[in-house]
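Letters are used for the chains, namely A, B, C and D, taken in the order the chains are written, and counting of residues starts over at 1 for each.
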Amino acid sequence: MKEIAAEMAQRPDRGEVATYIPELARVDAKSFGLVVIGAEGHVAAGGDSETLFSIQSISKVFTLTLALGRAGNRLWRRVGREPSGSPFNSIVQLERERGIPRNPFINAGAIAVTDLILSGHRPREALGDILRFMQFVADDPSIMIDEAVAASEQRTGFRNIALANYMKSFDVLENPVDFTLGVYFHHCAIAMSCRQLAMAGRFLAHLGRNPSTGLSVVQPESARRINAIMLMCGHYDGSGEFAYRVGLPGKSGVGGGVLAIAPGKASIAVWSPGLDANGNSHLGRVALELLTKRMGWSIFGA
Amino acid sequence: MKEIAAEMAQRPDRGEVATYIPELARVDAKSFGLVVIGAEGHVAAGGDSETLFSIQSISKVFTLTLALGRAGNRLWRRVGREPSGSPFNSIVQLERERGIPRNPFINAGAIAVTDLILSGHRPREALGDILRFMQFVADDPSIMIDEAVAASEQRTGFRNIALANYMKSFDVLENPVDFTLGVYFHHCAIAMSCRQLAMAGRFLAHLGRNPSTGLSVVQPESARRINAIMLMCGHYDGSGEFAYRVGLPGKSGVGGGVLAIAPGKASIAVWSPGLDANGNSHLGRVALELLTKRMGWSIFGA
Amino acid sequence: MKEIAAEMAQRPDRGEVATYIPELARVDAKSFGLVVIGAEGHVAAGGDSETLFSIQSISKVFTLTLALGRAGNRLWRRVGREPSGSPFNSIVQLERERGIPRNPFINAGAIAVTDLILSGHRPREALGDILRFMQFVADDPSIMIDEAVAASEQRTGFRNIALANYMKSFDVLENPVDFTLGVYFHHCAIAMSCRQLAMAGRFLAHLGRNPSTGLSVVQPESARRINAIMLMCGHYDGSGEFAYRVGLPGKSGVGGGVLAIAPGKASIAVWSPGLDANGNSHLGRVALELLTKRMGWSIFGA
Amino acid sequence: MKEIAAEMAQRPDRGEVATYIPELARVDAKSFGLVVIGAEGHVAAGGDSETLFSIQSISKVFTLTLALGRAGNRLWRRVGREPSGSPFNSIVQLERERGIPRNPFINAGAIAVTDLILSGHRPREALGDILRFMQFVADDPSIMIDEAVAASEQRTGFRNIALANYMKSFDVLENPVDFTLGVYFHHCAIAMSCRQLAMAGRFLAHLGRNPSTGLSVVQPESARRINAIMLMCGHYDGSGEFAYRVGLPGKSGVGGGVLAIAPGKASIAVWSPGLDANGNSHLGRVALELLTKRMGWSIFGA
C-alpha cells in the first residue's frame, strides 16, 4: 500500500478537484489515501489513510443497503438496476421513463432510495438511522456528518432539487421534496477516512457479514446483488471503464473517494480528490488498477 | 444439468421466439439445451445440447476477441466500452456521440468491429478468418454458417443498414458498407450447439487459454477484459438484470442462446429460443440463475 | 359568431378538460365562447363570451410583450425563438441546450421571461406590473388573478419547480426560484372572459397600437415579431397543426382559451375547456378553422 | 432589387459554402442573385439572377405539392407537419416516433414524400414526372437535372441512406430504398436560376394559380397549407428565426437558394451560397429581411 501511495504521490496527472461548493474546492489536490482490509481483518494502509473526506455518493451504497433491508424487493418499483448510459445528474432518462430512475447510484435514484428510507419517519430520525447504520457497519461511533458541506449542498443543489421535483411530478417520491432532499444532502455529507470506509465495506466483501465482529448486516444474496449494482452502475458513465480496468465492484464519490470490493478477499478504500471527466477520482482508479493487477483480485479471472 | 433441463421443460413462461426472419420463427419454442464444461474439461449436458441454433449476437464475443488480437487498443478509437442504456438497435446514441458506438455488443458496435476485421481483406477472406477462428476456439472444424439465415438477415436488415450508413457518414467505417454488412450478417448466422458454444468459450474462463488443448487464444489481461465487457454490456438493456440475478459475464443472442463464463471454473452455454422484452433468452437467464446459485459461482461473492 | 357558437354547441367531440387542479377540473366541459373584434372596434360575440376562465399560458404572450419592452433584445440571451418539437413541459431540450429554453411559450421559456420581469423588483411589484399591463392592454381595470387557481398551481406544480431549478442550475434564472415561480403561477392564474381577452390582443392585430384608444403598446416591428413567435410556438407540439388548419398566429392555454390574431383585421378570443392530446383547446381550434375559412383571414393567402 | 444586390455585394459576412460534394464546394462564394415577381407578372431582378444553382431542398416544396395532388390527405399517414426542433438530418426523432418523419421538409420527410410519388412507377418515370412538374410550374421546359451533382450526392449520401433504411425498417417506405433515394438525390440536383425559381413559386403566392398563364396548379386551400408548412418547417432548426426576421413562408436549400412567398403579392427567389450554422443561406435571409421590411410584406402585420 505504501508503495502504491508513493507511486501515486509522483503522478503529475491528478484530474480536477470538484469546485461547486467551497468545502470541496479547498481540499488539497495532492491528498492520497489507500486502505485495504483483508479477510482476517489485517489493515494495510498508505498515504493519508486517516484524513476525513466527504464521502458524497459513496453513501448511496449504504442507503441502498438500508433501504433493501427495510423494503426488500418493493424498492425496485421505484428505481431500476440498469446502467444509465448518461451522466450522474441527467434528467433526460427520467422524462422517457416516467420518473423512475435507472439505478440507485445516479443522483435521482439515490434520492428515490432516500425517500423510501424517510417514509414513516421524520427527516431527523431518518438521518439518524442512516448515520447509526454507517457507524454500525464501520464499527465506529465517531463517524459524523459535516454540516458545512450539507448546508452548502442544500444552498446550491438546484439540479438535485430539479430531479426530485421531477420525480415528485410522477408520484415517485412520497414525502415532501424538501424533507427528502434534506436527508439526501446530509447523508452525502458524511465525512470518513479511508480506514473507516474500508471497515464499512467489509460486509460486502464477506457475504453480508463483518468477519471480525461476526455481525450479519444483510443476507449473502443481498451482498452479492449490491456488489453487482456497484459494478454495473457505481461509476456513472465511467462504469464500463472501471470494470474493464479494475475489475472490481466499486462506488465513487465526487469528494474523490472510492470504495471497492474484492469478494471473499478484501474491502478497499482509496481517496484522491482530483476527478476525471465522468466525476470519478482519477488516481483512485489508477491506484485500484495497479492494486488488483498485483494482487490478482479481478473478478473476471485470476 | 439434467435436473435443471427437466425443471425448465416444465416452466410455462417461455417468452416470445424471434419472428423477424422465417428461419428463426420456425424454431421449436420448447427447445432447451444446457452444457457446462468445467476446468478439467468435464462436460455436463442437459436437454437439446447437440441441436444447432443460430448464435446471432453471441458471435460478437468472438469477433471482438479477434479484432482485439489484430488491432489491440486501436480498436477503442472506433467503439466505446460503456453500457448503452438503450436497446440493441438504437441509433439515438450514435447521433449524440458522432457515430462512435457505445460498446462492441450493441449492433452498431459489432458492425464497427467487423469493419475493422475486414480492413485490408476481401469480405470472403474476412468471413473465412472469423469462421476458422470460431472452429479453432471450439476445437471443432465442423462449425458452419447457415446461409439461409444470412440471406434472410441481409434481405430484411434495414435497421442494421441504417446503423452502418450512419456510422459511415461519420467515417467510423472504412470499408464499403455492403462489404462490412455482408460479413456481419454472415458471422451472426453461424450455427452451433450448446456443446460447441461452451467449448468455444473455455478460453474466457481460463485466462485466455484452452486448458484441454493448452493453446493460448489471448493474453490473460484480454480474457479478463472481454469478460468485463460481457458483464457490462452482454445483455443490452437487460445487462444490469443479468448481473444482478446471475452474477456472471454473459452474452445473449436473439436466437435464444447465451454464453456465460464462470472465471476459473466453467464455460456455460444455454439455449431456449423464447425471448424477454429486452431480446434476451428468458429461460436461459432463469436456468443460469439456478445454476450459479446451486454452484456458488457468482463473481460477486461465494 | 352566434352561428359558429351554435355549431360548436352540437359537436360531440370536445376533448378532455384539464384535471390536474380542482379549479380547472370543475369547469363545465360544454362551455364555449367566441369574440371577434375588428379593426374599427366592432365586437362580434357568441356563446359564453362574458364568462371568466383561467387564461393560463395565454398570459405568456403578455409577459413576453412586457419583457421585450423592458429588456429588448437582451431577452434572447435567456430564451430562444425556435419551435421546440416537444411537449410544453419537456425538460430534455434543456439538458441538451444547457438550460436555455427553446422559446418563450413553453413553460421553461415563460418562467425565464418571468424571471427577467422580476429582476430588480419584489415578487408583489412584478406581479402588480403584469396585472396592470394586462388591464391596460385590455382597457379594463376589473381584470383580476384567481388566487385559488394560483394556490393550487403552486401546491402541485412539481414539474414547473423542476424546470425552474434546472434552469437555475445553469444560471439562466437570476432570482430565487420561489420568487420567480410565485410570479409565474400567479400570472397564469389571471381570469378573463373572451371579450376581455380579444380586447387585450388588439395591439397585436394593429401594429402595436390599440386602434380605439390610439395608445401604442409596442413598436410595429415588435408586434409582428410576437405574432411570428405565436405562430411558430403558440400551440406547443401542435403549432404546425394550428398553422396548417387555422393559418393565424395564436396562443392557447390549458384552461381552454385561445387568443388568435388576424393581422390588420381582427383580434379573436375563443374558449372551450376540452383539450386535445397536445393540451390545446379542441373546439377552440375547430371554431377558429371555420372562422378563418369563412372570413378569408389566413395569413397564407386569401 | 439592384439596390439590395449592391448592398449584399459589400457585406463581409457571407457564411460558409457547403463543401460535402465538390460540385457545391466550387461555387463562387460571392455569387448573389435576387428576383421578385409581382402579382401582375412584373419581374424585378438583381445580381446573378440568371445563373443556375443547385436548388437542393427547395425541390421539396414541389415534390410535396405533387404528392399532395396525388395522394391528398393520405400523405399525412407517412409524414407529420410539425417543426422538428432538430437539425435537417437528425435521426433521433425517427426512433422516438417509429419512423414517421416530423415534416416533409427535413430530409427524412422529403424521402418519404418521394417514396409516395414513386409508388406505382419506375424511378425514371417518377423523376420525369417531378422534372416535368417543375418545368410546368416554372413555365420553362429548359429546366434540367445536374447529373454530376446527383451522382456526387448518391456517392456520399450515407446519412440519407441511413435515414431511408431506418424508415424502411418501420415500413414507412414502400419502394426499394435504392429506388427512392435515386429519385430523391436527382430531384435535389435540379439546377435553376433565381428567375426560374421565382417563376415556379408563383402559384403559391396566388392561391394555387399562376396568374400569368391562368393555369391552376393546386386548390387555394392546398396553396395556403403548403405556405404554412414552409413557414413552420422551411428552414430546419432556423425556421423560428426566419419567421421572426423575415415574416414570410420560405424554403431554403444547401446550395444557397431560398424561395419565399408573399401571399397575394409576390414570389421571391434569392441565392447566396454561404450558409449559416443551420444550413440556410446567410445573405439570402439578410436580403429577404431587408426586402420585406421595405415592401411591408410581412404576413404578421403591415
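Throughout what follows, a contact is a pair of C-beta atoms (placed from the backbone, for glycine too) under 8 Å apart; a residue touches a chain by one contact, two chains touch by 3 or more.
Here the structure is a predicted model, which means the values were calculated and not measured.
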From chain C, the most remote chain by mean C-alpha position: B
Chain A and chain D, separation of their C-alpha mean positions in angstrom: 55
Rounded Å distance between chain A and chain C, as computed from the means of their C-alpha atoms: 46
Inter-centroid spacing, chain B versus chain A (mean Cα positions, whole Å): 32
Touching two or more other chains - residue numbers and ranges from chain B: none
Chains touching one another, given as label pairs in label order: A-B, A-C, B-D, C-D
Touch list for chain D against partner chain C, complex: 80-86, 93, 102-103, 204-207, 220, 223-225, 227-229, 231-233, 237-241, 243-244, 247, 249, 263-264, 298-302
Of chain C, residues touching chain A in the complex: 90-92, 94-96, 158-159, 161-166, 168-169, 177
